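Below you'll find the structures, each written out as structure tokens.
Okay, so chain A shows up in both of these, paired with chain B first and chain C after.
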Partner chain A sequence: MYIGNETNRIDALDKVVGRPIYAEDLSVPGALFGCVFRSVRPHALIRRIDASAALASSGIVKILSYRDIPGENIFGIIKKDQTYLAEDRVRYVGEPILIVLGQTEEAARKALRLIEIEYEDIDVISDPFISGGSRTLIHEKGNLLSHRKVIKGDIEKGFDEADVIVEHTYTTAWLDHAFMETESGVGYPDNKGRIVVVSSTQNIHYKQKEISKLLAIPEENIKVIQATTGGGFGGKLDVTVEGFLALSVYHAKRPVIMRYTREESFLSNTKRHPLYIEYKTGARKDGAITAIKVSIIGDTGPFASYGETVCLRAAVHATGPYEIPNVHVDSKMFYTNNPVSGAMRGFGVPQLAFAHESQMDEAASMLKLDPFDIRIKNALKKGSLTATSQALHNSVGIVETLKKIEPYWRKRTRESGKTGFGLGCMYYGIGNTGVSNPANACLTITGDGKIALHTGACEIGQGSDTVLAQILQEALGLKMDDIVLVRGDTDTSKDAGSSSASRQTYISGGAVFDAAKKMRQYLDEKGFYKGRSIRDIYNSEADKKLLEHNGFFDPPTTPVDPETSKGSPYATYAFATHMTEVEVEKETGSCRVKKVYAAHDVGRAINPKNIRGQIYGGIAMGVGFALMEEFIPGKSGSFDNYYMPTSMDMPDVEAFIVEDQEPTGPFGAKGLGEPALIPQAASIVNAIKDATGVRAFELPCHIERLKILLEKAKR
Partner chain B sequence: MLPDFASVNPETKREALAFLDSLDDARVIAGGTDLLVDMKRGESCGNVVDIMNVKELKRLSVNDGKIIIGSTVTHAAISKTVILNDMAQSLSVACGWVGSPQIRNMGTIGGNLVNASPAADSIPPLLIHDAILSIESKDGMREEALEDFIIAPYETSLRPRELLASVCIKGLPGYREGYRRAAKRAAWAISRLSVAWAISEDDDHFVDVRLAIGSCTPMPFRPRDVEEFLKGREKNDPVIREAVEIVAEEIRRISGDRPSFVYKMPVVKDLVQKALRG
Partner chain C sequence: MKAIHFTLNGKKASCEVQDKELLLHTLREQFSLKSLKEGCGIGECGTCTVLIDDEPHYSCLTLASKINGHDVKTVEYLGDAELLHPLQKAFIDSGAVQCGYCTPGMLLSAYSLLIKNGDPSDDEIKEAISGNLCRCTGYIQIIEAIRNAAGLCKCKS
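Showing the complex of A and B:
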């Protein structure tokens, strides 16, 4: 048995001893260093650029503008609306305008200061609420990027049936991914004249396609390699250094290195979307929720990035893991001149979990019900219809996760007037929303008698390499020594889709499983399971093409209805319950998270150790989201003023694994990456309410906000 | 990237003072947890005098109730020195809150004082201990009270070619003392507000109360009015309530009303009240 083993991650030892070469560590002899010259204005026309002094300064080789782009100056993972280099107009502070290529990093950075630029400011849209009605258009087609609705039942009737109505507004802040490694990479021409880009990324095949369009060069002449990557969390899905590196190599015809400084990463990287959420819940005396109405306004910044995904995902998940008969969700995403918001662990769902879990507690409080009981009463079960009227037939483990937590909840006791307990539940659709999002995998037999797994799935620290290897081992009954992992290179693998949406275990795992079934049959026919060696099979096969077996998996989903979102946007969902104990220091407003009990339905635990690691990491990020992290445009610039948790803020965690197997998943597995984070902030906010009687409607609930709330409550 | 600079590593105080006297555009590095950050941000200085190898400046001695802390004694050393924990508890607690373990291992008391941040953790405890600084140059030595040494945020009376050699404080036997602060996370955070206190009291009266407040006004300060008010007063709720209001008034007198006071004022009041109640 390889599934369910407490195997160490296959990259663990190397990473612990500092062996891997991360993108940031890469160097190539004779490489130029590339720096980006960026806008300092949020919205302006570019009247004049004078880069002559910079170009003449010592050690500067080339300065590139949008005019040097041979193909299309546009990219975007869903909607292509973002320019690589600004043309006549900038739309946010930090927008790239020029690339400066120097002999050294020092020369390139110095030259940035010599570039003169003349702007003509235009009206700045800094608020999504004025964006829609503004005559200033950020894009020609208007400032509304996306509008989604989820409609189920009869919302008016639902509220008529309710005995109590709970109505509140919730807001969240911009957050930075703050991955350990900033955006980095190298580019170089290879000996076939192709352009190679090696970078810190979550999706090599997507980047290959974008570079191909940027340079008007066929995809096969672009090679993208994933370097060992120091974290992503969604922030390395969009094109960052890759386009600039490719363009630089195209012109300079020699290797180029790029490494963003931390300050540059803060300035330019996508952020978590700040959402404004109006939430109305109707419930009967017995705790049954009769209706939920939600209005969401989001700020995507000047470019779409993942704004449409967040708009839809937030809407689809707005009701939480509960069966609600009458639902009306209205979700809008607007363009502004604020930082570009994009993908970040959970795509809007952590924000909504904060809202729906706060509402559950408020409803329970009005009805004098235990917060646990109201949740279990409304929880989704087998046969339930979700908010999009999708019938759930399998792997619906929310009740099981609640039951894991129940003993701790029932026997909770407050140590002092400063401590309190809170619950948070969530569900999360695994994979992309209502669209095909397949993964490929390929298995080959090598001359030295091993099975090679070729996958485009990017290991970004989440553990996909280990999990995919375990799935392969289990399917073929092979030891780790018999397997070679070949991955992270567009030359040697087909598209596996992005490492995002908690999808690689489920989808790439499914593709590996599919390929393994074929390989197993082949090996069986050739006598491997009767003792014949793989090497022998390799040597005896005249047609080496027969040694290759391809796998494919695309989760069965249906597109959602454009008006009501009715449909089955995901093939499967993950479920979780967190219970958190906090201690609040009332004099200063500081909140310490002491203990978290976290139960997750993962379908099947491929690697329990890795699952616990994901849960610990998700909780750490949830502590930041709840209590301190906040990117303020124009103010937050580095770790000096962007506070995120340290190990001293980390609570004790007890993690529980629920296995309600998903029939379409490899050995029953689903996904966990984002779910680990999603309910955590909500459970903290609920625990603060329990400890102090005050509720935070705005995140982060940092020391100042909490103290001010406590002061208001005194009066 | 650090700008180019020259550096010297004196091994005696005399040598250090001679370097400071002869080198133009010189900055002293005493740990570097502030200076190197400033230099990476583009602040230039031609010469750096590294005093970390000067033995005389590393000493921590106790004599006759007087504690002399050399300027390159680190925050880590101060927070772990048993005798300081006894004689100046607020200082050892405060130094234990500075930055992270790495910063405490590098950062020094002298560096903290010369940097003179309004949020410096070591300053409020030193103020309640009436710290006297010993400042030397090639031409001689002078002493100055810490209260006078800091003349504005990030600005001190230290002249070019002078070196802060040591800090002298007196133990406060019989006082209960402490240090509390508010910060945005559990560790590695700048104080949003801090209070140091040393209180001597008998059964039901305050005998002598010393308070210092940091991260609130442009410079950490001692609210002398309230210290005066509390001398000999009965220790009861109305007195403590009045004392807290006097503190708030003193703060407003110094800085007017600031937006941050929405948060800071109630925190100061609560922390001072807690400190007085004990």
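Showing the complex of A and C:
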């Protein structure tokens, strides 16, 4: 057995000796350094730019503007509305305007300060509630980016049947991914005259397509390579340095390096969407939830990025992992002149989990029910209909995750008056929402007698390389030494889609499994399983094309109805329950997370050690989301004033793996990356309520906010 | 420019540095020690950690000229792929590595702890690595690795 083992990561050895080459570590002789000149105004017309002094300064080679773009000055993962370089107008603080290419980083950064620009300010829209009705348009077609609804049953009837109604408003802040490695990359022309970009990224094939449009050069003349990547969490899905590098190489015809400073990363990188969530729950005396009505207002900043995805995904997941007969969710995403918000671990679902899990506890409290009992009563089961009326037939492990936690919940005891316990549950659709999102994988037999796995899936630290290798080993019955991984290069792999939406184990894993089935049959026919060597098979095969076997997997989904979102947006869902113990110092408002019990239904655990790593990392991010992290535009700019969890903030964690196998997944596996984070903040907020009697409706519930809540409660 | 002489990973080293040159840049550029990372440049994240006389320092805040006559260690000192230090081995075995960007700095802070304290408590381990941010792992497997390595290091001595 190769799956289910405590296998070590295949990249760990290199990483503990400091050997991996991140983009910034590439030494390219003769490379220029590229810096971005950015807007300091949130909304303004550009009247005049004078870059002459900068261009004349020592060590400056070129300064590029939008006029230097040979193709289209536009990109975006879904809706293409974001300019690489501003034309006549800027729409947020930090928007790129020019690229300065210098002989050295120092020269380029110095020259930025010599650029003079004259702005004419326009009305600034800093609030999504004002955005929709404003006459100031951020884009021609209006300020509403997306409006989605989820409608199931009869909402009025549902509330009529309820004995209690719980109604609250929840708000969340901007969060930064704060991956340890900032955005960086290197571009260069290769000896075939193509443009090569090596970068820190979550999706090489998407970047290749965007660069092709930017430069009006066919895709085959653009090559994108993933350097070792120091974390992503959604923040390296959009085009960051890649477009600028490609444009710079196009003009300079020599290598160019770019690396954002931490301050620049904070300023320019997409953020977690702040959401404003009005949530009304109706429940019967026995705890059955009869109806929910939810209104979500989101702020995506001036460009779409993943705003539409978040708008829909938040709506679809608004119920939480519960079967609720009557559902009405209205979700709107507006443009503003605030920072661009995009993909961040969970696409809006962590925000909604904070709301639905708080509601669950409030309903339990009104009905004098145990928070555990109300959850298990409403939990999705085999045969349940989700909010989109999708019938769940397989792999519905929410009840099992609850049961893993139940013994700890039942025997919980308060050590002191400071202690409190809270639950958080979640479900999460694996892969993109209601759209085809396939992955390819290719297996070949090499001349030195190995099986090569070609994949475009990006290892960003989450462990996909190891998991895909394990799936391949299991499917073919091969040792690691018999496998080579050829990955992260558009020349050698077909599109595997992004490393996002917790999709690579399930989808790329499925593609690897598909290719391995074909390879296994081939190897079997050639006598490999009767003792013939792979090298011998290679040598004896006259037609080398027969040595290649392609795999493909696209999860079976259906598009959702544009009016009601009825449909099967995901082929499978992950489920989880977290229980958290906190200790609150009521005099100061300081909250310490002491212990977390976390149970996750992953379908099948390919690599339990990696799974625990994802769970622990998700919990850390959840602690940050609940208690400390908040990006405040204009104020947050570095780790000096953006606080995220250190080792001192981490609770003890006990992780439990539930395996309710998914028939469409490789060996039954689903995904885990985002689920690990999603219920954590909710369980902390519920634990704080249990400890203190006060409930946070606004995240982060940092020390000042909690102190104020405690003071107000005294009166 | 100023000539400096110091011990780098157990060997004598010399180079010329500018007055305001940061140790991070000297080691990355003049000695090609790319395991040091610039995660923030202001001494908040710990990815640039080096040991100076076996104490962890942020090389992004340290003037290169200040290390004249001192002992400097980077992760390369601990071991290479053929001969891993027990700490490195423990990091692999505990699953303490994900994206790997914080790993060299984290290992150095842990090493500095273990040479001073062969049997640290979990709280002491947490404190020792509190200046090294990690966004991926939630620190738990890192703490476990350091605890396990402490046992191994003791067995060795």
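Odds and ends about this structure:
Please note the rule applied: the second predicted complex is superposed on the first by the 715 of 715 C-alpha atoms of A that agree within 3 Å, B and C clash if a C-alpha of one lies under 4 Å from a C-alpha of the other, contacts with A are read in each partner's own complex, and residues count from 1 in each chain.
By definition in this document, a contact is a pair of C-beta atoms (placed from the backbone, for glycine too) under 8 Å apart; a residue touches a chain by one contact, two chains touch by 3 or more.
Bear in mind the structure is a predicted one, so any value in this text is a computation, not a measurement.
With both structures placed on the common chain, the touch criterion links A:711 to chain B but leaves chain C unconnected. When the shared chain is aligned, chain C comes close enough to touch A:619, but chain B does not.
Look at A:648: by the touch rule set out above, it reaches both chain B and chain C.
Of the two partner chains placed by superposition, only chain C is touched by A:463; chain B is not.
With both structures placed on the common chain, the touch criterion links A:209 to neither chain B nor chain C.
In the superposition on chain A, A:229 makes contact with chain C only, not with chain B.
In the superposition on chain A, A:106 contacts chain B only, with no contact to chain C. More chain A residues lie in contact with C than with the other chain of the pair chain B and chain C.
For the contact definition in use here, the residues of chain A common to its chain B contact set and its chain C contact set are 644-646, 648. Residues of chain A touching chain B in their complex: 105-106, 109, 586-590, 592, 627-628, 643-646, 648-649, 702-704, 707-708, 711. The touching residues of chain B, counted against chain A in their complex, run 1, 100, 180-189, 192-193, 262-263, 266-267, 270-271, 274. Within the complex, the chain C residues that touch chain A are 32-35, 37-42, 44-45, 47, 74-76, 78-81, 84, 88-89, 91-95, 97-104, 107, 125-127, 129-143. Residues of chain A that touch chain C in their complex: 8-9, 11-22, 24-25, 27, 177-182, 228-231, 233, 261-262, 460-463, 609-610, 612-613, 615-621, 638-640, 644-648, 650, 652-653.
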